[in-house]
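Notes for the one structure printed next.
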Amino acid sequence: MASPSRLELTGITKRFPGVLANDNVGFSVKTGEIHALLGENGAGKSTLVKMIYGILQPDAGEIRWDGQRISVTNPKAARKLGIGMVFQHFSLFEAMTVLENIALGMDAKIPARDLESRILAVMGQYGLKLEPHRIVSTLSVGERQRIEIVRALLLTPKLLIMDEPTSVLTPQEVEQLFTVLRKLAQEGCSILYISHKLHEIKALCDTATILRGGKLVDTCDPAVETSRSMAEKMIGSSLKDISRVAGRAFGPSKLVVKALSLPADGPFGTALRDISFTVRAGEIFGVAGVAGNGQNALLLALSGEAPNQDPASVTVDGVAVGHLQARARRGHGIGSVPEERNGHAAVPIFTLADNAVLTARDRLGMVRAGLIDAKAARTYAGEVIEAFSVKATGPSALAESLSGGNLQKYIMGREILQKPQVLVVSQPTWGVDAGAAGSIHQALVDLAATGSAIVVISQDLDELLSLCDTMAVINGGRLSPPMVVAEAKIDEIGLLMGGIHGEASHAP
Amino acid sequence: MGIDFLIAAIITVVGLSTPILLAGLGELVVEKSGVLNLGVEGMMLVGAISGFAVTVYTFNPWFGVLGAAAGGALASLIFAVLVLQLNSNQVATGLALTIFGTGISSLMGLSFTGRIVMPFASVFPDALAKHEYLRLIFGHSPLVYFALIMVPLTTWFLKSTRAGLILRAVGENDLSAHSIGYSVIKVRYAAIAFGGAMAGIGGCYFSMVITPMWAEKMTAGRGWIALALVVFAGWRTGRLLTGAYFFGILMALELYAKASGFSFLPSQFWAAMPYAMTVVALSFISSRGTAGANAPACLGKPFLPST
Amino acid sequence: MRLKLEKRRAPSLAMLVATPIASVILTMLIGIVVFDLLGINGFEAVVDIFLSPLLYSYKWQDVALKAAPLIIIALGLSMGNRAQVWNIGAEGQYVIGALCCAGVGIAFGQTGGFLVVVLMIAAGIVGGGLWAAVPAWLRTRFNVNEILSSLMLTYISFQVLGYLVGGPWKDPNGRNFPATAPLADSQTLPVWPESTVHLGVLVALILPFVFWVIMARSEFGYQVRVVGSSATAARHGGFDSKRTIWATMIIGGAMAGLAGGLEFAGVLHKMDLGFPSGYGFTAIIVAFLGRLNPFGCLIAGIVLAVTYVGGQMAQTSVHIPNSTAGIFQAMMLFFILASDILVRYRIRLIPSTKAAGV
């Protein structure tokens, strides 16, 4: 008879206002097992692990730890049991040192010098490199994750929860992380690995539990399953392929960016350096890259929210607009959708109709004699809701009352129905469910088919590879030479994302 | 200008800078925890009257100081409940606290107008405290020494203790601190109460040391200068001390101009000086932008954990 | 049992209206209890402060005169607050506005008439606006917190007032008292026959409509609201945050200056050290009690004016000190701020959930 599982969940249920986040979920994790928790965004993975880690309390169901029934009342209690967690969005303190950050994560009071030597020991043991006295804000994303991992390892956990750890890492960093995790598992630590990346799960995990819409779909062996079969379980219905006319011809150059440079915005920003590229009418141009390499700055520089000294740095249909602000650039046909929906692309506490006024008022004539035509705004908001099947009570619904995916559809629709000559979008499907993502992709393809030039900035390589005609990689504020997507090699892109330019031979 | 005058001037400057130093230290800790309490002026007034009243009844200025601290802390708790428990707007709530403190201190002070209190006995023997030269070091009010001890103590607390580390963490990233398992609310309650107590002690310096009697609105905007001082100091305790002395000199100039009439400029010019210089100093500091890098990232923002 | 906050899908309009009313009522109830504890007839005091000015018609003009500056200043401040611009130096802008108004009057000597009065009021508006432009400039140029700078300027304005009325503008026939000479009759505001109600009261009744149209219907009002909600979204929409700060700050100052000019030319007719009466600070309460809505400011201005007049009545009837009105006003503000949460959240009592088993 085998020893009881390290962690066993039965009948876990958690309800939020209007949502059943987890519905009667149960599975178990064995000692030394790397167990994947697989599911789409919004499937309930994060809610589930938050209950294991004591941040949330289940409404029903039980948690067993080494066979004992427990209730994890808070993260401290979880850590006492031996549960460590590395969050998707790091809970780090930017203005503090690595050492201070780790000290804050320790429940026991340890003198700074002892702590430092223990940190160095753990780092040596697992091959993790970090300088204890660096200020966090100066570190790369990968290094920041290492802080979280070291912090968790110092507690010698019996179960380590990793919440989508690779979404911000380069392929090379992912490999290093996997080495650490495998070593940990060999030493008997169980790992609960949350992801929606199938190839990673196949490469790393012993078991996979798949969630969909808050319900348990299956617990399976990733070695036996194919990526395709797991994807089907995760998504439920087979994905609709993006339909587009094959072998399209592109029109003349529409958006030309030439030697665009922009100083960093604040101490934590990234400067843009000498960026040049051309997007032709009907072309979708992708910008890949790991988070924090200047994507945001690029979007702002193109939308006009961060205008430039040099008018010729950005031209649309031959008109120099580099020096113009966002409003004037919109007049020349540049629309944009920034990555952050709430508080950037939309005002959360405004109605959808009021949010229509934000970017569409000039192109669609919603302002007359200084007064806003509220009826025109409502009508346009209604059209967007209709055309993009946005789930909302109507134009007077508050933006913040919409789910992330629906708000994204609304914002996309608001820009696309204005028929922009150039549309720049960042992370168009971030946190959006598969169905909505599909319709957003389709809308972008359709807009391109009408002769607009489109720039898609995304960290999701799969998205770019399936959507774009041409793509380039941004790293440290520099853009690689463009490559034709059909001929691009994934390992080459990976190297570019990791900032290794020399070894990547440039595709034509 | 004799050495006597110089010593007297320095003692005046140190005295005038003490209340804003005390209140500023308190507010610095509050702001480091991520809370902006604009009610310093109100808390100082409450402290001024509470300290005065307790001293009148107990005949012991030290009880008065405790009373001032308690009064200031109690006033700050009104702010704390609204801001921490009910997530009210910090700017507006701080203003409300100042308006409230002004009103309540006037009401409390009605029966104390015209009365005077026992001054502090010197902590040092007269041979030192009243010595021609040594009074420069030994001739100050005990509260001056208290303030001067609090500067390194606060520095040590923030930099070297675990509690200080947690307090800074809460002000830097409240959501992260919450997710690790620290009680953001509790830490901020403690910080706000400390800030209130320090403002209260700073306030009683007016009613128990400078005058020593009670008058309505006697802090005359010094609470606001203390707030400016925190920004001016870039949230660093050492620079807070320097800044307090700088403003002390400006305020001493006003007194001197009034007393001697040396100036061809109207006395109002000197009276306006500390306020004008506050604006100028803020402009210098704020435009450099370096001070902002040390500002707590969560300053003034409501804490909204998503559970 | 414990309290649980649940976010509403949309802000509750009912709560938006009900909470200010509840705040006033709660303040009255607490007032009764506190006064009784202090050995004063609480019921009588509260009735005097909150109701008597409304019940006696001869007090109505006092209420109107006090409400007018409060409403006018609060309108300007609430526009700024919508843009997250915290001008708390309205008192100073009010004083400087009145001084500019007085300066024009003094410059014209005994010459009066319609044009001179218009010029005087215009000078008040410009003076208040310019005084507020200083913090606007400091904020947009050097990133100086406008809360502190506008307040510092208020203290400076008191010194300017002291200097002018005690020096260059001192009335030579004033027995050495620091005050200006009274205005010539032809330089004062027109007054409603048989009363003290001046033209400024009418202005205070009309302006809320103007501000409502600006805030609710115009593109500028939209801009103010966007900048206040999210500077980043404003930039995305092509609105300039700095220009919005300038505009709202100057409008706030201009309104305070207007109120100062009206108060000087309509009520006091001379400047002295007692001119700063705290209207600029009380108007902050009016703005919040009125929920930053122009019509709300109109009503809240009247409520606060009632407490001013009532406070004076209670001083003679039940002998409570003048400062109690201030405490009541602050209490109202506390309650309104505390109840803000009810607008966006629903409070539920839920039974404590002990984890099953263990």
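Residue numbering begins at 1 within each chain, and the chains themselves are lettered A, B and C in the order written.
Please note the rule applied: a residue touches a chain if its C-beta (ideal position, glycine included) is under 8 Å from a C-beta of that chain, and two chains touch if they have at least 3 such contacts.
The shown structure was predicted, so the numbers you read here are calculated from the model rather than taken from an experiment.
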{"item": "Longest centre-to-centre distance from chain C, chain (CA-based)", "value": "A"}
{"item": "Chains most often in contact, by C-beta pairs", "value": "B-C"}
{"item": "Distance between chain centroids, defined by C-alpha means - chain A, chain B (Å)", "value": "46"}
{"item": "Inter-centroid spacing, chain C versus chain B (mean Cα positions, whole Å)", "value": "28"}
{"item": "Inter-centroid spacing, chain C versus chain A (mean Cα positions, whole Å)", "value": "47"}
{"item": "In the complex with chain B, residue positions of chain A that touch it", "value": "55-56, 74-76, 79, 87, 90-96, 100, 103-105, 107, 109, 267"}
{"item": "Touching residues on chain C, where the partner in the complex is chain B", "value": "86, 88, 134, 138, 141-145, 147-149, 151-153, 155-156, 159-160, 162-163, 166-167, 281, 284-285, 288, 321-327, 329-331, 333-334, 337-338, 340-341"}
{"item": "Parts of chain A lying in touch with chain C, wherever the complex brings them together", "value": "17, 57, 59-60, 62, 69-71, 73, 303-305, 325-328, 330, 336, 338, 340, 343-350, 354, 357-359, 361-362, 367, 370-372, 374, 397-398, 401"}
{"item": "Contact footprint of chain A on chain B as seen in their complex", "value": "162, 165-166, 168-169, 172-173, 175-177, 179-182, 293-294, 297, 307"}
{"item": "Complex contacts: residues of chain C adjacent to chain A", "value": "6-7, 9-11, 213, 217-220, 222, 225-226, 229-230, 232-233, 235-240, 353, 355-358"}
